[in-house]
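Labels for the chains are A, B, C, D, E and F, by order of writing; each one numbers its residues from 1.
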Amino acid sequence: MPVVVTDIPRTDAATVAGFGDIGVATAHEAQGRKGLLAAWMRPVYRPAHIAGTAVTCSVAPGDNWMIHVAVEQCEPGDILVVAPTSPCDDGYFGDLLATSLRARGVKGLIIEAGVRDVADLTEMKFPVWSKTIFAQGTVKETVGDVNAPIVCAGQLMNPGDVVIADDDGVVVIRRAEAADVLKKSQKRLADEAEKREKLASGVLGLDLYNMRPRLAERGLKYVKSSDT
Amino acid sequence: MPVVVTDIPRTDAATVAGFGDIGVATAHEAQGRKGLLAAWMRPVYRPAHIAGTAVTCSVAPGDNWMIHVAVEQCEPGDILVVAPTSPCDDGYFGDLLATSLRARGVKGLIIEAGVRDVADLTEMKFPVWSKTIFAQGTVKETVGDVNAPIVCAGQLMNPGDVVIADDDGVVVIRRAEAADVLKKSQKRLADEAEKREKLASGVLGLDLYNMRPRLAERGLKYVKSSDT
Amino acid sequence: MPVVVTDIPRTDAATVAGFGDIGVATAHEAQGRKGLLAAWMRPVYRPAHIAGTAVTCSVAPGDNWMIHVAVEQCEPGDILVVAPTSPCDDGYFGDLLATSLRARGVKGLIIEAGVRDVADLTEMKFPVWSKTIFAQGTVKETVGDVNAPIVCAGQLMNPGDVVIADDDGVVVIRRAEAADVLKKSQKRLADEAEKREKLASGVLGLDLYNMRPRLAERGLKYVKSSDT
Amino acid sequence: MPVVVTDIPRTDAATVAGFGDIGVATAHEAQGRKGLLAAWMRPVYRPAHIAGTAVTCSVAPGDNWMIHVAVEQCEPGDILVVAPTSPCDDGYFGDLLATSLRARGVKGLIIEAGVRDVADLTEMKFPVWSKTIFAQGTVKETVGDVNAPIVCAGQLMNPGDVVIADDDGVVVIRRAEAADVLKKSQKRLADEAEKREKLASGVLGLDLYNMRPRLAERGLKYVKSSDT
Amino acid sequence: MPVVVTDIPRTDAATVAGFGDIGVATAHEAQGRKGLLAAWMRPVYRPAHIAGTAVTCSVAPGDNWMIHVAVEQCEPGDILVVAPTSPCDDGYFGDLLATSLRARGVKGLIIEAGVRDVADLTEMKFPVWSKTIFAQGTVKETVGDVNAPIVCAGQLMNPGDVVIADDDGVVVIRRAEAADVLKKSQKRLADEAEKREKLASGVLGLDLYNMRPRLAERGLKYVKSSDT
Amino acid sequence: MPVVVTDIPRTDAATVAGFGDIGVATAHEAQGRKGLLAAWMRPVYRPAHIAGTAVTCSVAPGDNWMIHVAVEQCEPGDILVVAPTSPCDDGYFGDLLATSLRARGVKGLIIEAGVRDVADLTEMKFPVWSKTIFAQGTVKETVGDVNAPIVCAGQLMNPGDVVIADDDGVVVIRRAEAADVLKKSQKRLADEAEKREKLASGVLGLDLYNMRPRLAERGLKYVKSSDT
């Protein structure tokens, strides 16, 4: 039986705000290399970078009715996450729905399906990550769930989890782990700034990370072309 | 026997001009959700938006000879539509052919194959929708048809039909239906402007489209997380 | 046994410099339509255009250790070419490695795998051609070869060969053939400038290339629609 | 407006029967290398080989209602050809519909979508060529056309046309051309039998087809490895 | 931190046994059209049909170490379900692991990756559903989880859930819903037997399901070709 | 300039014969996990298993002329290896060419393109590994090389190298390494027979390979569900 959950617990706003500076790759590494959505989830325009709390929405193939239902459940700072119950590339979402989400303070859309009106989305700077771009229209016949856990592009997404999306893709962070992952992400950012400076000055990663002894141990040899 | 039809009937110029403001998604909806080419037909650069009359061209795999023949059949306001007789990703089209088409007033190219010189095409703003980008050269050995009906990216295209292409993809509109589809498209545009304003002001689609009663009828329930 | 070859012969610098003006499609045609990498090798941002000498690097799936080793073997004007020993879309390369390569004067990266930090790569204008964009992190456990011949995206690449990459893709030119291919490429460029001018003035390719007699020979007919 | 055409003209039965011995590759060659459906249309089990007259059916994505309507329009010797109005891999067809088609004397199904119950289809020897195998169920909400021309897997199919399907794929032959294509196909078959015998006896194609002079003309050289 | 859960609750044996006669399509329909794994999960040989309880296993890309760990957690009647933490087509599984699983009474393997030794698997009749077949070897370096919930081919799989796999694909049924889904599946089987008999006798689905009035309501028209 | 090399050195016959019992996975492991062709190279029918010496052939897209030339260069025990100069799925090869190759004692075909007449190939038991099955015919216009090194499905293939192909795919073994790889392959086979027996008797891989200490070292924990 299709249900809309109206009072989901969300990751606290301060933590979510902290992720505003954190890229997808950094957060993914910080939480132990997990949570990445499939590589075929791409931004409709670039650059784009958002972090927010997930409102989840399950839709029938070729039917975007439940997105209209989901809009009402969105609050400022949310990111709408949509997955079809069977694979579909139709254009579930366009500039009218984007206008509606923007009016509610929603930061962007993640959808394992197609979207359309991408010139408008680009111009109004409403960021969307989707499986494809396709103008094919949808119907409004079948109901589904809002704010139930869903699998989107290979990852389980719970309502209220943190979602980060940028030019590299999309990552989900569990609500219960968000504060910890934020701390680790910030630590990584700081470490990387330091490393970047050294590498820019010409220090080699081989030396910076002290890789030479372990490479030798694994049997790596340096030879002249005349030896090969 | 390969033929070039030299006197195709074209959709009248006033109607075609009317489609200049109409996007692919709008026209597709206005004509009853038909006529869309496959989602993998993508613009070489964005944004791009054209509407024109189709000149069709059938080519052998890896052989772009007939495109040269088709150029001569093009008139100002046309869009060249090319499909291979067997799937091929080779680069059939580059900046020289674009220069030639532009000299004839052609608005753009739709090709179910590869193209090359895309940096030049982008700089000269000659819009192209293709299956892929690939530098692979082609030969000039096999003749085919110009201005015969062809299937391009899953749609039957007749010479003289209207073609609209934008960032969302490509749609074909039959010559006989073009005037009617234009009227319906313009009506949709006007309706959408009104809706957009309401949605931007915070009115929900649920209310604007009066969806609540029908959702309830279909059994949709609103629950608290404690109930799930 | 994994080896790093430290003294590869490179195509001479003057020849490589000459290719700075030559696009991928032109060089590919000039050398007899060979040497193109697969069409799915795409630039991370556009426009981008580089020519340089290949340093090759073989990596294990999900393991970018050898890229760190390869960095040290790079000299100004090189292009790093990376291929995995089994297909992998993970993000082997990001802004730190790009910083390191830039510090050594490397012109760009060609990798048959994924990359990440693409917003940074775009901002710092470090050009990369890759199979995909994916934030998935890699490990540093397995050694491989640097400067051995490798197959990358369907082409054999020898260290020291010329690599050209632009918005159309990537092409490799053998070191021994580079000087000759450069001459032929420059000839093509000159010829094309002349043709472009004529085509822009309205001369048809049919006439410019004298195609009409051969088309007639092959049986191409021009007909009226009433005849079809 | 969706319509069912109830009295389509079919290719005459004798001609269709003649195609019973003709494979897809042979008919495709005989009619000038045209009419092949895309290579991703594959038989659900092998070997399978049918020839019949097309009854066409257009379905909405995820909706198999119109297949039930189409069944009634089928006569003995027909082949049902189905294409969705938007790409869909759902399982439109299973053993119950196959039972129904068999009861009407239908020879098989061609569908640009998914099918299910393939173990049953295999056991009951009801041949199906489809885009994929997927158990996903469909709904019955949207009406479409039966016996209108449709594009299926890249080819225009008219009701009444001849369809041949075997382990190599599917080909369509226009009703008006069927008798002529049959004659040419039978000629090819006879010619091939003769060639097969010669090749089996060790005669080379180079000699059988007298290719050596033309190869030499094109510049092909025979060399020793010491010369390369 | 990687963990192996050693005492997972399993769906009761009687219920699982009941699913032995139920196909994937039937169970999927019976539970409301949910739970299907992606269509690209295909059996290594056909026909094959198993039902059992899931033991789940998460593996690193190119690393099959955890499958050895998972074997020990398997009991008679289980089905091993494996998913990589990043997409990988390598051959994680071959005849030795199959021998080991068979020795423990395991019914088969579901793996979102590659497998090898498929001739042996076919001969020993150990059924496997996989993403691909690939001989590429894997390493044993990285630990992961056994019997944690995982996403496999787009579906969340909990240890102890029922898995059914046949020639149509793979479906998962939640442990808590299994008894109910079994009852509904058996009901469907019985209903279908009755329908099959009627359809075989020539009754049309249009009449059996009383579709004609609703089709008329939706505007479907029957016309003669002369009217189109 | 296209050349046919007529006197290639072949791996010695005794070594090649030794590979007759060795599967692709075993040889691939024995030579250090290299040499595998891409996973999408699949046998036209199963089971099939061949080992032989490579005769290589480069063809233009949509043009199978050079296969006729290559036939003459084949000797008993050879395997013909074909790759196009630009990706192509056309049906380059059918039962007539198979008849001709069989007459020369050729063991099978490896082709990075399409083939046709697969029902005949299956019946006559001429084994083929290809990228796809497609009836599309080809022309005979362009010459290429026979017995030059080529890249086929991602691997460099030299004429005279050993090729093994079975239900798992295709692997190439360098001529100079073949004797050594054979010895290592035979050793693996013997070792695996022993392991298989132990695993069949219920010994766990965890114990057989002494994995427990290293797993503990890497931090793997065994827990109860109540602890998670």
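Following the convention adopted for this analysis, contacts are C-beta pairs under 8 Å (C-beta built on N, C-alpha and C of every residue); 3 or more make two chains touch, one makes a residue touch a chain.
As the structure is a prediction and not an experimental result, all values here were calculated from the model.
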Graph separation of chain A and chain E (steps between touching chains): 1
Each chain counted as touching chain C and chain F at once: B, E
Fraction-based call for chain C against chain A, same above half, different below: different
Averaged-CA centre spacing for the pair chain F and chain A, given as whole angstrom: 40
Distance between the centres, which are taken as Cα means, of chain F and chain B, whole angstrom: 43
Inter-centroid spacing, chain B versus chain A (mean Cα positions, whole Å): 30
Sites on chain C at which at least two other chains make contact: 33, 36, 39, 86-87, 89, 136, 142
Chain pairs in mutual contact under the definition given at the outset: A-B, A-C, A-D, A-E, B-C, B-D, B-F, C-E, C-F, D-E, D-F, E-F
Sites on chain C touched by chain B in the complex: 23-25, 28-29, 33, 36, 39, 42, 46-47, 49, 166-169, 171, 192, 195-196, 199-202, 204-206, 209, 211, 215, 218-225, 228
Residues of chain D touching chain A in the complex: 60-62, 86-90, 136, 139, 141-142
In the complex, chain E residues that touch chain A: 33-34, 36, 38-39, 85-87, 149, 151, 154-156
Interfacial residue positions of chain B with respect to chain C in the complex: 1-9, 65, 68-69, 71-72, 89, 91, 94-97, 99-100, 102-104, 114, 116-119, 122, 132-137, 140, 142-143, 147-148
